[in-house]
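Shared between the two complexes below is chain A, which has chain B as its partner in the first and chain C in the second.
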Partner chain A sequence: MLGEGILKGLWETAKNFTGSYVSADRLTTVEYPEQRIAPIEATRDFPFLVFDEENRDGGDPVWEAGLRCVACQICEKECPPKCIYIERSKDKKLDYLGKAQYYPARFDIDISVCMSCQICVEVCPFDAIKMDTEFELSTTDRFGGLLLDREQLAKPNEYYHKIHPAEAAGVDAHLAEEKVKADAKAKAAAEAKLAAEAKAAADAAAKATGEGA
Partner chain B sequence: MSATLDQIFVLLQHWLVSFLPAVLQPFVSVLLGVVVIIGLFPALFAFAVWMERKGLGRIQNRLGPNRVGPFGLLQPIADGIKSLTKEDIVPLSADVVVHFLAPLVLVVAVFMGFAVLPMGRNMVLVDMDAGLLFYFAMGASTELSIFMAGWSSRNKYSLLGAMRAVAQMISYEVPLLMSSVAVVMIAGTLSLTKIVAAQNSYSGVFPHWYIFTPWGLAGFLMYVVSSMAETNRSPFDLPEGESELVAGYFTEYSGFKFALFFLGEYLAMFSISGLGTVLFLGGWSAPFSFLTWVPSWIWFFSKLMMSISVFIWIRGTLPRLRQDQLMNFAWKFVLPMTLLNLFVAALWRFLGEGWERWVICSVILLLAYVVLGRTGMREGKFGPRRYRYAE
Partner chain C sequence: MTDSYRVGALANDKNKLEGWNRPPVIEPDGEGELLEVAMGPHHPSTHGVFRMDIALDGERVIRLKPVFGYLHRNHEKIGEANSYLASMPYTDRLDYICSLTNNWAYALAVEKLAGQAVPERAEYLRVILGELTRVQNHASSIGFLIQEMGASGTPLMYAYREREKILDLFEAITGSRMMCNYMRFGGCRVDATPAWLDAARKVVAGLPGFVDEVDRLLSSNEILMARTQGVGILRPELAINAGVTGPMLRASGVDYDIRKVDHYSIYDRFNFRVPLGDHWDVYDRFMVRMLEMRESIKILEQALREIPGGPIMDPKAKIRGFRPKPGEAYGRIEAPKGELGFYLISDGGPNPYRYRVRPPSLINLTVLEDMALGENVADVVLIFGSVDIVLGEVDR
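Entry: the complex of A and B
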């Protein structure tokens, strides 16, 4: 019958209309600034730089010394809209493996250009750059205010754990493994060096005895 | 006391005018009426926008505007201020004069319609003998303004929207007129005040509104459908379908000109609801004989607001039609029904008092409704279309 569907539809919307006054569970939205829904773990918007709290190289401030980034500039090259700008340092600092590495003297991301593709995160071999969930980034300065520098980008590893717990735990485990491997390698190298030195000393001694004889 | 309250605005007008010399009096009293209409209906527009946003929100299980003022009541004022501060952009290749005139023509033409609407006992600006004719003449010129807007913008979306609007409005103008003609036939007059007066009597406690007759109910339903199409309201909002045409004929309008179009749309809704109220719902007459002490203008405006709520309710319920459904519905369903309704109204007039005319008229209309509806649905004219390749 013509018009039946319309009546059904009108009944449905009338139920919604009155229902939304009666029961609050019907309301699908929240009053945003006052109420928030819990963030979803896979949320991502813009990248940030991870630094480790433990101040390894003695320099301050902490965030600068602890940056994992070694200024290899892979992310800068891979970023599709080219919104990362990196200047490599002249000197080197020790990284968490105890290796001397460069660090970024400048690291800027223009978040007005960034398209949140996460490619920079995928290509970084040092787990130094990760995706943030902070979205309240409005500013009155649309050029300078949206160009984040090193200091604004740096966030502690704890923060990373807070926003992406599972992912951060995986990264930490991976880094610890690397460190164990590196330590073992360093130990082996040191032992080899010791053995070589001992051998050299023994050789020298043997030589000396031989000459003396 | 209640008589004074009923006539309070008329008395106020007379009192104000009485201070002036006799030569000026007729002129100033008309001017006063104009000022009141121009002030009142935009205010009502602001309120209706708020109502619409709240109502749609609730229908979609949202809260609607609730930040500006208590319950978001000041939201329309904030919107108005915003539209005043916006830049008024005119496209480089637009026809500047016509582009500028279009919103003005729309608002003026819509306001003209209010001149003949009786908004209470003795409360009509110009009591014309051919008020209905005047109203439809003015209503038809809104089509002109919409086409002016679409044409002068020199934008394909605008032009498409305008062409859709003209096709739609002309198609639905016919049934709109036809459904009102039935009322004219029974009332025997084109004057809107006399049409209201003809309905202002009671059997027992029930009023003699035309909607309470078979032909009146059918006419009213057809009138509602065509008036929704005339005012480009959802589900007939094809001319401004956002998902297809950006904003249709007012794509190239910004700032206050855009606000004028918006105002024009709502004013058209008010005036067409007002006319529907006058024709079928007894205008300013009370719904029960024991309620006649309530001032007549209260009844008129409450009926008006009820109609607006129904408009909003329907907008919150129905999706937009497709162009072919729209046209099929107008020419193959609404028009035949209104033509038949003319015949039924004539029958009603000549069958004389008695229960027979109720039965005969109802049966004819119901049969026609079922047959026309069924055939249309079966042939897929109004219902969902089957796509051969989508199955």
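Entry: the complex of A and C
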């Protein structure tokens, strides 16, 4: 019969229309600014720079001294749309391993160019750059307002833990492991140095007594 | 190549429209002037920016010239200037509805070039994500096709409701809904957690219900049948000669699915069949996409059941400083829209010497004039919608 298929289809739409009154999970629309859906943990949009709260080098302000970035410029080179600009510092500061490292005197990301691919995060050997989840970034100034400098990019490690808990815990464990290794190495080196000094002193003493005899 | 079946045996003959004859086409009498119409580039039916210069005699299409390139952004040259890895996020932006299959095709080409092995679990993850991509692409492409027929919204919104669930899965594993940038040379970037696999199983369990719903809503709808049956016929000879691939070619009755022909990845292990059209019209293209969704759900169920543990990256794979030895490779997959291929020539440097994309959307579009000649101008929109293109891939 002509029209049967249409009636069958209308029955489907009727079921959908009334279904949302009886079952809450059929209500798919979220009234955005008032209601928000829970963020998904893996979400990414733009990169930010992680800094550790503890003030390592006695410098001020805290975010600058705690930045994990050592200005190695790998992310700048690997960035597909080339939206990262880094200037390396002239002097060095101590990093969390107690090693003297350069730091970024300038670190700019043009987020109007950035395409959120997270290749910078993947290639960073220092876990210094991570992806943010902040998406309400509209601004009236499309040039300066979207060119973020290192102060705007710097966010504490606590913030990273808040947005990506599982990932951040993994990174912290890895960094702690590195620190333990570095400490053990430093301790071994110091002990070796002490032993060498003691040996040299003993040798010198032996020599002196030998000469005296 | 025996694992295929005809759409007609299942649906097309059952859903034959009785008691309805297409209005007769008024033959041009050779008098009067042709009406030239430029449809697009900013027309809601053009899926982006695309122009059709049509010459009409009354309602009849006498000539159709597709004009594209409005969205050209130098994809291939950028690929040659950038490192192999840096081209991966750019492939997301080719066919932006199905970024994961684009990633896959490019990763496959580079893996062929470098002789890179892929671990078992990564292959399963690729199949799962690729087939989810196919389901959401076909769902939204059916929605758009029906919308172009005048059913503004309802079927498209049903498709988008389902697509949303799949995009949430993508976001949970890759971090992004559409610009996934997920696959790497020699594996995948992030592993799927057990919770993600459970969520995927839940979504896949709900998909057959959705396909049934769309089937009941549309397949036997008289308006849809009157508008699409016998419209936009693409003969198999022409389809093969023009290099048309994907659901378009299979709707023309040619048994050609790269998953079956090329045996790439691990598709040999899954039990699925290839639906083929036998009336070669717009309705068959709609029906082939419907049935392909069902086949994809079958693959998904098998893959999610069998997925093994293990690493997701080959230990020999390199992220930085990747320099394949000189040579060339062509990697192709059955993307939702057809054969998506990447052709790469390496001269041993950090970036490809030549980077070429074989986009299914562009090549399927070349037969648009042949399908539209002699049809009514209102049906041109429909025929164009049944090709299922994304302008990001056509123009690159």
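Observations on the model:
One rule holds for everything that comes next: the second predicted complex is superposed on the first by the 198 of 213 C-alpha atoms of A that agree within 3 Å, B and C clash if a C-alpha of one lies under 4 Å from a C-alpha of the other, contacts with A are read in each partner's own complex, and residues count from 1 in each chain.
Here is the rule we go by: a residue touches a chain if its C-beta (ideal position, glycine included) is under 8 Å from a C-beta of that chain, and two chains touch if they have at least 3 such contacts.
What you are looking at is a predicted structure, and each value in this text was computed from that prediction instead of being measured.
Of the two partner chains, chain B is the only one touched by A:S20; chain C is not.
Of the two partner chains placed by the overlay, chain B and chain C both lie in contact with A:E12. Once the two complexes are laid over each other on the shared chain, residue contacts for A:L2 go to chain B and to chain C alike.
Between chain B and chain C, C contacts the larger number of chain A residues. By the document's definition of touching, both partners, chain B and chain C, reach A:T28. Look at A:E41: by the touch rule set out above, it reaches chain C but stays clear of chain B.
In the superposed pair of complexes, A:L194 makes contact with neither chain B nor chain C.
Of the two partner chains, chain C is the only one that A:E78 touches; chain B does not reach it. Once chain A of one complex is fitted onto chain A of the other, the partner contacts of A:C117 are limited to chain C, with no touch recorded for chain B. When both complexes are aligned on chain A by C-alpha atoms, chain A residues 2-3, 6, 9, 12-13, 16, 28 touch chain B in the first and chain C in the second.
Taken in their complex, chain C has these residues touching chain A: 15, 18-20, 82-83, 85-90, 92, 154, 158, 161, 164, 168, 171-176, 179, 181, 189-190, 213, 216-225, 319-320. Touching chain C in their complex are the following residues of chain A: 2-6, 8-9, 11-13, 16, 28, 40-44, 74, 78-80, 115-119, 122-123, 131. Put simply, chain A touches chain B in their complex at residues 1-3, 6, 9-10, 12-14, 16-17, 19-21, 26-29, 31. Of all residues in chain B, only 55, 58-63, 313-314, 316-318, 333, 369-370, 372-374, 376-377, 382 touch chain A in the complex they form.
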